[in-house]
Structure formats: structure tokens, C-alpha cells
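What follows is a group of structures, each given as C-alpha cells.
Here come two complexes built around chain A, the first alongside chain B, the second alongside chain C.
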Partner chain A sequence: MKKYLSLVLFLFVFVSLFTSVAFAQETTPTDNQVNAIAKQLFCPVCQNTPLDVCPTEACRQWRELIRQMLSEGKTEAEILQYFEDQYGPRVRQEPPRAGFSWLAYIIPLLVIAAGVFFLFRALKGWTKAPVAESASGGVRNDVSKKVSAQDDYVVRLEDELKKRK
Partner chain B sequence: MTEENIVPKRGVALWTQITIFAFLVGLLALVGIGLQRAQKPMAEFNQPVPDFDIFYYEGYEYNNTPKMKLSDFQGKVVLVNIWASWCKPCEQEAPELQEAWQFYKEGGQVVFVGVDYVDTPIGAKQYLTKFNITFPNAPDLQSSISSILNRNMGVPESYVIDRQGILRSVKIGPFASVNEIKAFVDAWLE
Partner chain C sequence: MIPDFGYGVLVLTFFMALYSAIAGIYASINKSQKLAESARRAMLLTFPLLSISSLSLIYLLVNNHFEVAFVYEVTSRTMPTYLKVTSWWGGQAGSLLFWSWLLSAFTSAVSIRKWDRDREFLPWVMVVCGITLAFFLSLAVFFENPFVKYWQTMSGEIVESVFRVKDAILFTPQDGRGLNPLLRHPGMVIHPPMLYLGFVSFVIPYAFAMAALITGRSDDRWIRLTRRWTLWAWLFLSFGLVLGGRWAYDVLGWGGYWGWDPVEIAAFMPWLTGTAFLHSVMIQEKRGMLKQWNMILVILTYDLVIFGTFLTRSGVLSSVHSFAQSAIGPMFFGFIVITFLSSTALLIWRWPQLRAETEMKSMLSREALFLFNNLLFMSILVVCFWGVIFPLISELFVGEKITVGPPFYERATAPLFASLLFLMAIAPLSAWGHSTLQTLGRASWKSAIVALLITVAIFFTFTQSVPALIGFFLIAFALSITLHEFWRATLARVHAQNENFATAFFTLISRNRRRYGGYIIHISMALMAIGIIGIEGFQYETQGTLASGESLNIADYTVTYRELASWDDAPNGVNYTRAVVDVSENGVYLGTLHPRIDYYFDAEQNMTIPGLRPSLRDDLYILLVDWQPVSSMGATFKIYVNPLMNWLWLGSLLFFVGITVAAWPDKDPEAQSARVRGKVYHSSSAD
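After this line comes the complex of A and B, so read on.
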């Protein structure tokens, strides 16, 4: 009986020790947890310096504020929203998906789409040209007539070549 | 130019050129409009200061009013002091500002408004308590006040706005003494 009692006591102490550690971890957010949010924000004083690496006193205070909000159970989205409301959208690394800031998301896509379009056109042109050249010989004059219809320069070139013959 | 110098080039279709040009012009117009909208009016010397909202810190209201506008102070000389708890030079002038406020407070002709620039509420409260500051103080929410007043975007900076709401003086950096603050304000009390 005494043996069982000491075993139960040991288990109780063991379990309570671990739960207290877990509790401490929940209430005191780690630096990694704080920095995971801080790196999504800019230093309010320095230009373009992420909050997680900025050594200024202002940033140290902001990181402490993040730690406090995390320990109060606030979510990442709520904390980021708080900073945006308090200090303006300029503190966010990611531009807000609203109004004029949409351009930051749309323009790169448009530029890529335009690039793909022009690349496709250029590739199409490059693949056509060898076909025309490979059809040389008996049909050379026919081909040059077709091309000349599109390009004045080719017409002039053909004329010059004829004259030299 | 000789014939050899003529380089054959493939023409880009007219409709493509027009489309690209129209797109670029539209984009520039959009960016221009956006920037114009984002730009806030800035205070100019000897010109009326654009109005702004002041949401005071709890316990630091003016006449127990939690929210005011700058225009509510018409008829009084206003000293706006921009500070932050992380700013060491601000600490140099904090006791002098409080002493000067004690001097002007009873007269009712001068109002001091502290504007706390990109600060945390905890840091701000600690700073105000540490220097026993009692004059009205407010956070600079979304930098809405400093973007109108603060030319150098630094702290501390102080501004005197006269009874008609016109910006008269700017002090960049901390005040060295109470007398300097009095000279800064008194010039516009007459």
C-alpha cells in the first residue's frame, strides 16, 4: 500500500511539474513567436528596417507590446490589425489589399502577362522564319513575294539582287 | 546612309502600339491620382494649420473632453509638442515643458498639447508619470498629426499656433530652459 502511495505521489509531482512548464510556455511567448509577427512589420523610426531585427528602443517597445498581446491571447491577425490601426498601413510589410494599394498586386501580374504575350509572339515569328528559308529553290520567288507583301525592305533587297544578276 | 546600314525590322502592329501606350498612360494617371489622394495637406508658416483630430490619453484630456479638433482652440495660443517615450532628447525638455505649463495653465490663454509619436501606450504612460506631466496629451494615431505638422519627422519638435490658428514658430530639438519656452510662446500672446 505504501509503495502504491509513493508511486501516486511521484506521478502527481511529475505531472504537475510538466503542466506548470506548459502553462509557463503559454503565458510567456517566446522570442520566435514574437519575431514571427514582428518581421511582418517595419520599424516606425528607421526606413525599411523590419521590426524583428531593428535595435532601436522604439522597436524594442513594439516587440514587448507584441509579446504582451500574445500573452493576452490575441491572434496574429488581431495584433497586425492593431498596429495598422494605431500607426497606419505604412508599418505593414505587405501593402493592404484595398483601394490604391491593389496596384502593387495587379501591376506585376499585368507585366508578366504582357511579357508572356510578347514572348509568345516573338517565338511564333522565330519558328516561322526557318520554314520560309527551308522552302528555298524552285519556290524561292513565291516565298519572297509573300514575305515582300509584309515587308518593304525584303522587296528592295530582292530588287537589288536581281539587278546584280 | 548606304543600303548596308538599313536594318530590317519587324513592325509591331499599330493596334498593339496604341494598346501599350494607352495602358501606360492609364497607369500613370492612376498612380498620379492615387498619390494626390494619399497626400495630406501640410502646415505652412504664416498660414492656417489644416485641422486635425486629437484623441487624448485617458487622464490627459483637455477640460475632460476625450476628443477635440485643433480648431476648437481658436482664440488661444497652442503649443504642440511632438515627443516619444523612446526619445532621449525629449526627456531633457519634459520637466521644463511641465514647469512652463504650470505657469500658463491658470491664465487660460495658452494650451499645451503633447503629441506622442509612434509610441506604445505603456511606454507613453510610464513617460508621462515619470515626468509628472499634466498638460493634455494624445497619441499620434496613424501619424495623422505629425504628417501635417512635423517637417523633419523627428522628435522632439514644437510648434506655436496663434489665436487665429496660424502656424507661427517651429522649434526643432529640445528646449533648453523654461525661459526659452516662454519666449517661444509669449511672442504670439500679444
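After this line comes the complex of A and C, so read on.
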């Protein structure tokens, strides 16, 4: 009995293996499968147009190429790599994270970090500065009057709200 | 005849602008009233002159003068007259003329009134505008001339030249190439002028800022004088950006509204600095701080405006090599460098005079939060700017062409935009001068709870995605705080003035237009953010080829292909291919949509028009991708479901309401600012 069971199991696995291979060969990849990959590529001819929506004839052929490669069993990574090898790194959506192109990622971070650093340093300097009257006392007074006057609106608003209660 | 006349007038205007700038400098230095008046009159003349030159071009466009190269390139016989007129800005040469025309109109508007009031600033404003105008006119006169004609030489060769080429006869093509079909869409007809209006209006605040630097006035007068210009500039630029997005959604056929394309970013960058500027000038007005920073922002905005025009016009984006080949590329580049360096030099010269009049007292005060707001806008700018120029740098230095596409920008800017939403929520609650965590917390905890409840509801009904939930929380937080502010203030008015709710609400807004206009803009931004999260995070798509009667399913929708027809519209030079599809949702029939492809014979180009079923929940967006011959009746459709998309358009409509409220002219702005300067800040000028 046990012998039969393992034989049946073996046959089942064996047959299902073959049928799945046969399926892979028969069904052509759907448009959605093609687009999922084409979406990640930029049209090698047109400026800044993703391959899945590019209406040119060349792009239609490239999408067919993706379909063909998918039906040959190529993986997504292999297809993306194929396009990159053929047409250069600009077919990818982003600069490669290697070599010179690292700068694309690093520079904005550095600049923003520098901005944050300087802003906080300036703020710290301002907030810690002694509140002693400066030489330009007249101007200062004017400005503080300005501020208190414009806060007037808020104060009045608050008063009216309190009265209501 | 007409082309020569138009060109002659253009050349004359160029010299007029140049004269106005030079005479203005000379007059200001030597304090010559007479010469200053002469410079002003020369500037005032540029507007009628450019109008005549532009009318000549429009005459040529409308009357099919294909011997003129520009007319040949942008029009054709089948185009309707209104499109022929708008082709004025449909190509490079014409759009440079259009830019110049707008600038001359604005400069005239500034100098025709109030000349006596601002005798100090206006001559220098004239100089700055005159230099800018002369630069743009020089491009049109020497490099991208819209009046160049075709000549056929004895050897049969066709050459382009303004004047008769020796032994050549005028060559008139039978028909023009026609405007790029994508530009024939109503959205695209008004999108460039809106963008240009925004671009050009920003020149005015810049000119006043430079005038303030040159004359050494360190107060906020230049800001007060140009506040409304800045707001209108911002309105036009925003309107231009939104129209561009709507246009992309309607005709570009990729299911989206914004693709982080360098040309889009080029228009977005001055918007970023302009928005930062609009916020930070308030600190200068209220607190006398950040004077230097405001100068930096207005200089950046101006040069980004020129840079934006340059990016779209120089061909630099396709390749560094085409930049070198186009004549105007290096001209633009040179102009940007010169204006940037000279403005910066002026700023450094006046740096000590522009010190702050008060000090920052608290990290949570309104002015500190405005600074964080500026930091965020500048950070987004850094990402955008670097993303746009890095491909050029890479090509230039290591010879490698690369693409900086949407994922780069989205990843980098999403947290920045989220932080902006947060600031937008709490900043209106903080006070000028001093705020603490306690005061902010007291003012916002109720709204935070409301927002949290909404977020929990969204968690159970719509999505469990953490980034989206954070986004929705921030939106709900900002909305509830801002709406609460409206509610509180209106109730206070109802009580104090014994008005009914509606009267109180409208009087409140009209008495404090700047404050509540700003709040309306904040609400609109939050609504737009709903749409952006919806389409960025939850867009689905599917594609398939259907025979008649077959269906595709997406989300709860079923799209069934019925039939397809193709016909020529000869008078308009278009072939239409239109599919008929039935749409149902969960088995309930909703209606019929007609995605189509328009083929323009003159331009030999397709335009894909989606079949669109919009709703507040989502847009069903169907594109006809391809079709087989009519006999087999098969067609390929690409279908998108774009959740919450309409909130973006709704938000942008509200946005325009907000800016209009904030920028609506006062009865007498001079009297008002006199009152402000005098002693008391009335509630009407608060915020």
C-alpha cells in the first residue's frame, strides 16, 4: 500500500511538473505582466516617457520584446538588465547607485542637512541672544508695538470668545 | 511686407528697451529728472510697439503666410482661426515675443501710475525691467526671429533669412505643418499664457527688490508695494501648473497629471521659491526680520523664472550637445549667471543694512515655524533642481546619460510635503513672538483627536498602508484646525455683532482677507493632498485586448467593449477612431464611455483622448491603445482607476478662490499702508 502511495505521489508530482512547464510555454504573457516591467523603463528614444505608455512604434516593439523575453522564461531583473545593457543606464527610472551617479542621491541630502544645520544654529543664536535693548532701541520699540498691535486681533477674538462663555 | 514691418518694429523696440535701461541708470546716478522721464516714456512706448509687432505676427498666422518660417511651423490651413491666433505662443520664436509683450505690459502698468509716489524706486525698477526686456527682445531679434522668411536660391535650395537672399525668390509652401496636436487642447491653449503671466509677474517684485537694494532702503516698502503683484504672479503660476496637470490628464494618455518631467519641474521651481517668499515676507512685515533672506528668495525666484523659460526653450534637456548647438542656450545661461551674480553682489553690498530689527524669541513662535516652512520649500527645491540638472552634469563629466525619474522625486519629496502639511496645520495656531508647546498643545489637541478618529475610520474602511495613513492624519489635522479657526472666529462675531452666521462668516473673511484667504488656500492644499495620495498610492491599472462583447474587470468596474468606428473629418484635417464601451459597477450599468484616438494629418501625430467617468470616490479612465481592422473588431484598452483624483481638481478650484480673496485690491492700498505705518494695526490688515 505504502509502495503504491509513494508511486502515485511521485507520478502526481512528475506529471504536475510537466504540465506547469507546458503551461508556461503555451500562455503568452498578458499586457499587465508586460506593462509591469515596461513601467520601470524609460523609452530609449523619447524624452522622459515611461515605456508602458509611450505611443511610438519603436516602443511598441520594445514591449513586444519584453513579452517575448517573458515567454522565454526570463525574470524581471534579467529583462531590466538586458535593456540597460543595450541602451545604457538612462532607460532606468533612476540613476544607478554606483560610481559617479551616487552624487545624484548624496548631494541633495548634504545640501538639505547643511540647511537644517545652519537654520538651527541661527535659531539657537537668536533665541539665546540677550534681550538687552540694542542700540537701535527706537526701531525695536516700533516693532514690538507692531507685533502687539497685530496680536490685538487675536486677543480681541479670544476676549469675545470668553465673553460668549 | 508685413514680416519686414513686424521685424522693423521689433528691432525698434529692442533699442527702445535698451535706451530705457541705460538712460534710467544714467538718470538715477546723476539725479536727472528729465532723463528719468525720458527713460520712462521709452519704456511706456515698448508696449504699443510690441503690440504692433505681435499683431503683425498674428496677421501672418491667421492669413496663412507660409513663406514665414514660424507661420509654416505652427499653423496649417485646416486650423480654426482662434488656434491660429494662439499659435503665437505655440513655438519658440513666437513665445519669446509673447514673453516680451507681457513684460512690457506689466512694466508699463507699474510705471504709468504712481510714478510720483515712487520716484525713488521706479527709475531702478524701469532699469531692471528694461534690461530683462532687452535681453528677451535680443533673443527674438538676433536668434529666434519669428519673422524669418523662406527663400529659394537659383540652385533650388531653401534658406531662411529675414532679408532677400541674393538671386533668390520668396518661397511659399503650399501648407503649414500645423500646431502640435497636443497643443490644440483648450487646456493647452491657455496653459502657456498662464505660466508666462506668472513667470513675468515675478519680474516686478524682483525689480522692486533690486531697486530697494540699490537705493539702500532697508524697510519693507518694496514688499508692501509688490505684495499684490506677488500674489497675482503666484495665482497665475499656480493656475498654469494646474492647467498643465489637467491637460496632461486629458490628452497625454498616461493616466496621470504630473510625471516629474523636467519641463514640469522647471515651472514648479519658481513656484516653490515664490511660495516660500510669500510666507517669509510676512515675517519681515510683522517683525522686521529675514530681510536678507527675502532678498535671496526673490533673486532665486527671478532666476528660476528665467531658468524655467530657458529649460523649456533651449533644448538643453534633450542633450548637452543640442544645448551647444542652439544659439539661445548659451545666451540664457550667460544671462542667468550675470543677473544672479550682480544681484548677489548688490545684496552682499547692502547686507549690514538688512539686519533684523528684532530677535527670535522662541523656536515655536510663528516666525520660527515660518522659517521651517521656508526650509522645507527650499529642500524640495534642492531635490528638484538637482534632479533636473544631474543628467546634464552626468553627461558632461562622465559622458553617461541617465534618467532621474518619478521614484527619485517621490521618495525624496514625500516626507518633505508631509512635514509641510504638519506645519500648515499648527503654524496658524502659534503666535508671533512667543509660543510654547503648552500653548500649541492646548490649541490643537481637540483637532488632533478629531484627526485621529478620522484616521482610524480610514484604517478600517479604506487602507492599512502606514504612509497613506500618516498622510490622511496630517490632512485631517490641518483641515480640522483650519475649519475650527473659521468656526471660532465666526461664532465670536455672531455673538459680538449680533449678526446671523452667514453674514458673520462673510464679513469675517472680507474684513481679514489676507488671513482668511490664506486659510482657504491651506484648506485647498489639504484637499489637493487627498487627491495626490489617492492617485499616487492607490492607482490600479489593467490592459487587455477585447473582441466585441468581451469585458475587462478592474476594481468593482466591468468594462465591456461594444464597437469601434473610424472616420475622417476632412475640414478639420483629423481622423477619429472612437470606441464605444459600456461600464458597469458590481453588475449595475453605469453608462457608456468613448475613448478615442485622433489622428492629425498635417502634423502626422496621434492624440489619445480617454473615456473618463469621474466621481469623488475615483475616476475610471479608459484609453484606447490599439485596434485591429474593423472586420475583426478587436481593440486594446488600458484602464486606470484613479482613486480620489477629483479632490485634486476641487482643491485647485478652492485654491483660486483663496488667492482671489487674499489678493483682491483694497479700496485704496496707499491709504491703508499709511494707516498701517501710522499707528494702529486694524483687524483688516492683521496677518
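In this text, the second predicted complex is superposed on the first by the 100 of 165 C-alpha atoms of A that agree within 3 Å, B and C clash if a C-alpha of one lies under 4 Å from a C-alpha of the other, contacts with A are read in each partner's own complex, and residues count from 1 in each chain.
Following the convention adopted for this analysis, a residue touches a chain if its C-beta (ideal position, glycine included) is under 8 Å from a C-beta of that chain, and two chains touch if they have at least 3 such contacts.
What you see is a predicted model, and the numbers here were worked out from it, not measured in a lab.
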Quiz item: Touch check for A:Asn35: first (chain B), second (chain C), both, or neither?
Solution: second
Quiz item: Which partner does A:Pro95 reach: the first (chain B), the second (chain C), both, or neither?
Solution: second
Quiz item: Taking the superposition as given, does A:Ile107 touch the first partner, chain B, the second, chain C, both, or neither?
Solution: both
Quiz item: Is A:Gln86 contacted by the first partner chain B, the second partner chain C, both or neither?
Solution: first
Quiz item: Given the touch rule stated above, what does A:Glu64 touch, chain B (first), chain C (second), both, or neither?
Solution: first
Practice problem: Report for A:Lys74: first if it touches chain B alone, second if chain C alone, otherwise both or neither. | Solution: neither
Practice problem: Go through chain A and flag every residue that touches chain B in one model and chain C in the other. | Solution: 88, 90, 99-100, 103, 107, 151, 153-154, 156-157, 160
Quiz item: Contact residues on chain A for chain C in the complex?
Solution: 30-32, 35, 42, 47-50, 53, 55, 88-96, 99-101, 103-104, 107-108, 111-112, 115-116, 119, 123, 126-127, 129, 131, 136, 139-140, 142-144, 146-147, 149-154, 156-157, 160-161, 163-164
Exercise. Provide the residue numbers of chain C that touch chain A in the complex, in ascending order.
Key: 253-255, 259, 261-262, 286-288, 317-318, 356-363, 368, 371-372, 375, 378-379, 382-383, 386-387, 390-391, 393-394, 397-398, 400-408, 412, 431-433, 488-489, 491-493, 495-496, 512, 541-545, 606, 608, 636, 638, 679-681, 683, 685-687
Practice problem: Would you tell me which residues of chain A are touching chain B in their complex? | Solution: 44-45, 56-58, 60-62, 64-65, 68, 85-88, 90, 99-100, 103, 107, 110, 114, 125, 151, 153-154, 156-157, 160
Quiz prompt | Touching residues (chain side chain B, partner chain A) in the complex | solution = 3, 6, 8, 10-11, 20, 23, 27, 30-31, 34, 37-38, 84-86, 118-120, 122-123, 139, 141-143
